[in-house]
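Note that the chains take the letters A, B, C, D, E and F in the order they are written out, and that residue 1 is the start of every chain.
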Amino acid sequence: MRPSGRALDQLRTISIETGVSLHAEGSCLIKMGNTHVLCTASIEDKPPSFLRNTGMGWVTAEYGMLPRSTHTRSRREAAAGKQSGRTQEIQRLIGRSLRAVVDRQALGERQITVDCDVIQADGGTRCAAITGGWVALRLAMNRLMQKGIVTGDPLLDHVAAISCGIYAGQPLLDLDYDEDSAAGTDGNFVITGKGKLVEIQASAEGAPFSTDELLTLMSLGMKGTELLVAAQKQAVSA
Amino acid sequence: MRPSGRALDQLRTISIETGVSLHAEGSCLIKMGNTHVLCTASIEDKPPSFLRNTGMGWVTAEYGMLPRSTHTRSRREAAAGKQSGRTQEIQRLIGRSLRAVVDRQALGERQITVDCDVIQADGGTRCAAITGGWVALRLAMNRLMQKGIVTGDPLLDHVAAISCGIYAGQPLLDLDYDEDSAAGTDGNFVITGKGKLVEIQASAEGAPFSTDELLTLMSLGMKGTELLVAAQKQAVSA
Amino acid sequence: MRPSGRALDQLRTISIETGVSLHAEGSCLIKMGNTHVLCTASIEDKPPSFLRNTGMGWVTAEYGMLPRSTHTRSRREAAAGKQSGRTQEIQRLIGRSLRAVVDRQALGERQITVDCDVIQADGGTRCAAITGGWVALRLAMNRLMQKGIVTGDPLLDHVAAISCGIYAGQPLLDLDYDEDSAAGTDGNFVITGKGKLVEIQASAEGAPFSTDELLTLMSLGMKGTELLVAAQKQAVSA
Amino acid sequence: MRPSGRALDQLRTISIETGVSLHAEGSCLIKMGNTHVLCTASIEDKPPSFLRNTGMGWVTAEYGMLPRSTHTRSRREAAAGKQSGRTQEIQRLIGRSLRAVVDRQALGERQITVDCDVIQADGGTRCAAITGGWVALRLAMNRLMQKGIVTGDPLLDHVAAISCGIYAGQPLLDLDYDEDSAAGTDGNFVITGKGKLVEIQASAEGAPFSTDELLTLMSLGMKGTELLVAAQKQAVSA
Amino acid sequence: MRPSGRALDQLRTISIETGVSLHAEGSCLIKMGNTHVLCTASIEDKPPSFLRNTGMGWVTAEYGMLPRSTHTRSRREAAAGKQSGRTQEIQRLIGRSLRAVVDRQALGERQITVDCDVIQADGGTRCAAITGGWVALRLAMNRLMQKGIVTGDPLLDHVAAISCGIYAGQPLLDLDYDEDSAAGTDGNFVITGKGKLVEIQASAEGAPFSTDELLTLMSLGMKGTELLVAAQKQAVSA
Amino acid sequence: MRPSGRALDQLRTISIETGVSLHAEGSCLIKMGNTHVLCTASIEDKPPSFLRNTGMGWVTAEYGMLPRSTHTRSRREAAAGKQSGRTQEIQRLIGRSLRAVVDRQALGERQITVDCDVIQADGGTRCAAITGGWVALRLAMNRLMQKGIVTGDPLLDHVAAISCGIYAGQPLLDLDYDEDSAAGTDGNFVITGKGKLVEIQASAEGAPFSTDELLTLMSLGMKGTELLVAAQKQAVSA
C-alpha cells in the first residue's frame, strides 16, 4: 500500500485549465493532485541572437517556485540574487523536452518562452511543468497558425512527463512529496504522443538499482504519459 | 467617462478567496478586476537577528510579478540576478503598511513573512497586495491565537490600500492599467479600518498638482478603502 | 520644545555653495545644518536607448552615502555588491522630482545625470538632495543655453523638498536625525517654485495619522520649500 | 565506421595517473583520449552545517573547465560572476554519483570535496570526472583509514561513468566531441563496480528514441564501465 | 617645462584640513592641487574574525571615487554591482601601507577602517589617500589613547606617498592627470617618516626603464614624502 | 642557510613544456619547482571595442588558481561569484607586463588572451605566469606570422619575472611558499630580455626597507630573469 492510498500505477487527479492568463499567447494551470503549476507561452517576434538569419526559431523555458509553494517557506530566488542549480537544471530539461517536438524551421525566426511557475508543490513539479508547458505551447502555436504567421504546424507531437520511483520495493507511478522523499530510486520519463523517449533521468537515492527495475519504471512511465497525453488532448480541444 | 466605463468613484469587482494555499499559515487570492495577487503569510518561530532577546516580533513582505503577468513578458528577476528598484520599493511599502497595525510586543519573538505574488497585472498591484496581504496576515494571526501561541490579538486593526488619480481633469478611484498610464497624477492611499492614514504617496506624472486635488483624491481613497475593509471582513469571516 | 531647540517651523541653517566641482557641468554643496550633500549634474550628448529618435531627453539621478557619513559606519554599497532598497527608492524619487519641472522636448536628445552623494548625514538627506540637485541641474541647463545647444529653457520651474513630522504631538519642520528617529509620523514634500505639489510621501512610523495632521504637515512643507526656493535663487544668481 | 575510427564498442585510451597534486589528500589526472580532467579530493574535519551532530559526513563535488580547454575559448566563469547552469548540473551529478557508494555514517562528521577541473576537453568530461573523481576519493579514504581516523571503509564500491550515443543509426561507446556533436541520442551511464545503476540520463538531441535503443546503449554502458572499473583498480593499486 | 608649469621637483599645493567629519573618530580632507580626497577613520570594538583571541587588531582601507570626480562621469560602482580591479588594487595598497606603521599588538582586538573617497580627481589619488589616510588614522589613534583604551601608541611612524614619473625624458614629482597621461614611466613611492620604503610600484607605460631612472624617481619620491610628512605633522598638531 | 636549502641566488628547477594544449594557439606548462602554471594564448580576430577602427590590437591576461592548488583548499572563485582583489591585481599585472613588449600596431586589430591557471602553488605564481605567459604568447605570435596574418613580428622582446625577498636579513632569489611567508620584504621584478625594467613592486611585509636593500633585490632579480629568458629561448626553439 502506497502512502497516498493510490494504486501502484494510479496517477493523481489531473486537471488542465486553459486560457488562464489575460496576456499570454498560450496558458494553462495544470494540477496533478496538490501540485499546481501555471504555464504561459510568450511569443517574441525575433529569435535569440545565435539564430539570426538562419530561418529557425527557438523554444526556451523558465521555471520558478513561489516562496510558499513548499511545506516551509523557501527563499525567493530574486532576493537571493540567483537561481539555484536545481532551478537551472529543471528549466533546461523543460526547454529540451519541448524543443524535441518542435520543427524550428517551421516556427521561423521567432522565440517562444514557456514560463512554468509552481503555485503549490507536492512532488513532480518538473513533470507537471513539461506536461502543462506543452499545452501552453500548443495554444501559442495555434494562435500563430490562426493568424497565418506560420503556415505548417511547428509542433510535431505531444510531449508529457511523469515521475516513477521504487518505494519499499514497489514501483510507483506519479510520486507525491511524501512518496518521493521515501523512495529509493526516482526517475523522470519524458515521452512523446507516439510513445518515444525524449529524455529519461533515473537516480538511486539510496541503493543502486538494476536494469530490470529501470525497465519496470519505464513501462509505468509509458502508461502514465499515455494518460497525460489524453488529458492534454482534451484540454486543448475544449 | 473613464476608459473602463466605471463611475468615477467605482471600484473594480473585488474577490478575496481565502485558504488557497495548502502549506501557508494564512493565504488568499485577491482579485481587483483583472489584477490578481496571491498572498501568503508564513510564520517562523524566531525573529530577525536584530530583535533577538527584545520580546518583539516582526512582519515583513516580499513582492514579485510572474514574468507573463504583464502585457508583454517581463524579465524574471531571479534570472536577472536582482530585484528591481520598483520591486524593492513596493515590498518595503507593503511591510511598513502591515506593521503599522501590528502590536509587535503581542506577537512575541517570531516573524511573519507575507509574500505577494502578482499572477496577473492590470494596475494597482501594490494596493491589492496590501489589502490581500492583510487578509493572509489576519488568518495567520488567527492560527497563532487558536493554538494559544499568542494570547492577545497582535493585529490591531484592518489596513487596506487603493490607488486614485486624476485623468482628463477628473479624479478617479481604483485605476486600471490603461487609466494609470494616462493619468496625470497618481496616488496610493493606505488607510486603516478606523479611517486613519498609514501611508500616502502621490506623484505628478505630468503637471504638478494642487493641495485641493490631493484632498479630493484622499477622500476618494477613504471611500475606496472603506469598501475594501468591508470585503476583508467578509473574506475572513467566511 | 523640539530636541534641536529650533522653533517648530524653523529650518536649519541653509548653505548652498555652487561650482564646487572642477569637472561637472553643474554642481553644488548643499548644507542643511549637519546634513551635507554634494550634487553634480553631468551632461551626455545622447539619450538613454528608449528615447532614441524621439527628440526627447532624460534627467536621471543617483544617490549614495559615504560609508562614514552616518553615526556608525555603514557598509559601502560598492563592496556589498548592490544598492539597498532605500538607496534605489531615494534615487528614483530624486529623478521623478527633477523630471517634473523639465521640458524634455526642449532638452532634446541628451541625458543629464544628477549625482547626489551624502558627505555627512543628519536627517533629511533625500530632501537636501532634491533641493541641491535642482541647483546643479539649473547650472548645467544654463551651460547648455549659453553654448546655444538648447534654445528655450528646458527647466520650467524650481523644485525643492523638505521633511516634516509629528513629534510629541507637535508638527515640526525639517527634522534632524534625532527628531526623525523619535517622530511618530514623517513626511517628505516635494514642491515647485509656484507652490504646486510634485510628490508627497507620508508614513506613520508609530500610530496612524489623520487627514488634519497631514494638512498641517503639508502647510509646514509649503512654508519650508518657499524658503528653500529663495535660497536656490540666491545660489544660482551669485 | 565511426568518425574516430574506433570500433563501435571501443573506449578511447584510458590513463589514470595518481598522486599528481602535492597538496590534496587524494588526486589523479584522468585521460580519456584527448579529454583530460584533474581530480582532487580535499578533506575537511567538519561536516556541512546541516549535518552537525548527526554523526554523518558528506561528499560533494565541484566542476570547472579551464577557459581554453575547449575548441574556442570559453568565458571564465569566475570573471562572468557565476557558474553556468551546465556547470551546476554536472557538479550536482558528480556529487550524487559519488555519494551513492559512500557510507556516510562510516565517514563520520567530515566533508570531502572532490574538485574536477577539465584541463582539456574532447567530449565526455562529466563521465571522466566521475570516474577520476572516484579515484581521488578512494585515495583520500585510504589516507583516513591509514591514519586511523575512520575505522571501517566508508567507500562501499567503485563507481564509473561513460557516455553512449546513437550516431548514424549505430550505437557508439565513449563519444568524443565530434561524435557527440553529430549524435542523435546521447546518454550518460553511472554504474557501480557490481554493475548496478546509480544514475542514467538519456536525451534525444534529434529524433526521440525507443526503449530498445535505450537498452542497447545501456548494455554498451555496462561494458564500458566494467573496463573503467578495471582501470580504476589498477590505478589505485599502483 | 612640465605641463603644469611647476618645477620638476615641485609638489602641488598641499592642504590637509582635519576634523571635517561630525561622526568619524578621525578625519581629514586632503587636497593635492585639484585632487581632493576625504579620509575618515572608523573604530570598531572587535577585530575581524581571523584575529579573534589573538590580542591583535587590524587596520583596513576602502577606496572609492564619486562618479563625477573624474573628467567624464564614471559609472557608480554600487550601481555596477562590483568594485573594479583598479579600486581593489588601490584599497589593498592603502591598507598595506598603513598597517606597515601600526603596532597591531598595541592596538589590541579592534579594527580601524580608513575610508578614502575621492571628491575630485586630478591624478595621484591613491597617494593622496595614503597620506590623508594616515592623518585620519593618527587622529583616531589619539582618541583611543586619550580615552585610555590603548596604553602605548599603536602608530609607530608617519607614512606618506607620492607619485613620480618620466615625462619627455625628465623625471617629475607629483604628476597631475595631464602629466600622468603623457608619462612614459610612472611610479608610486610609499615612505615612512624615517625615510624607509614601505612599498614601491613602478611601471613602464611606454618603453621599459633603467635602474638609473628608477633611482632618480626614488630620490624624487624621498624628497616629496619628506614634505608630505611635514604637512602631516602640521595638520595633526593644529 | 635558506629554508629550501638552495643558494641565496639560486632559482628553483625550471621546466617549460610547450604545446601542451590541443586547442590553444600557443601554450606551455611552466614549472618553477613545485609551482606549476598552465599558460594558453587564444587569438580572436577582433579587438576589444575600444580599439575598433584604430588599426591596433590588444593583449590581455586572466589568472586563476585551481581550488586545491593551495595547501588547504581555497574557495572556487566561480562559486563565490567573483574574482578576489588579489586575482584581479595579478591578472592586471600579467597583462601590463606582456603588453610592454608588444607592438600593438604590428599585431593589428585582433586580441590575444593569455590564460594563466595555477595547477599547483608553492610561491611565485604571478612571476611564473608572466614568464610562461610570454612563451604562450610567443608561440601564438609565431602562428600568426607563419600564416602570414601579421607581417612584422609584433613581439619586440622577451619579458620574464621573478620574486626576491629579504629573509632573516639575507636577500633571496625566487622564494617558495615557506620562504615567502617568512620574508620581511618581498618584491617582484618584471624585466625584458634586454635587461630593462617593465614593472617592479616591492612591499615591506614587516619592517620597512632601505634603498640599498631594494637595489640588492633588484640585482638579484636581474640575474634571475636572465636565466629565465634563457629558459624561454630554449623552450620556444625546441
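FYI, contacts are C-beta pairs under 8 Å (C-beta built on N, C-alpha and C of every residue); 3 or more make two chains touch, one makes a residue touch a chain.
Given the structure is predicted, the values throughout are model-derived calculations rather than measurements.
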{"item": "Neighbouring chains shared between subunit B and subunit D, ordered by label", "value": "A"}
{"item": "Chain located farthest away, centre of subunit A as origin (C-alpha)", "value": "E"}
{"item": "Gap in Å, rounded to a whole number, between the CA centres of subunit D and subunit C", "value": "59"}
{"item": "Distance from the mean Cα position of subunit E to that of subunit C, given in whole angstrom", "value": "33"}
{"item": "For subunit A paired with subunit C, centre-to-centre distance based on mean C-alpha positions, whole Å", "value": "51"}
{"item": "Per-residue multi-chain contacts in subunit E, two or more chains", "value": "81-83"}
{"item": "Chain order, ring traversed from subunit A with subunit B following", "value": "A, B, C, E, F, D"}
{"item": "Subunit F residues within the subunit E interface of the complex", "value": "82, 85-86, 88-89, 91-92, 96, 100, 192, 194, 196-204, 207-211, 214-215, 218"}
{"item": "Residues of subunit F touching subunit D in the complex", "value": "21-24, 27, 34, 38, 40, 42, 44, 62, 64, 66-73, 76-83, 87, 113, 115, 117, 119-120, 122"}
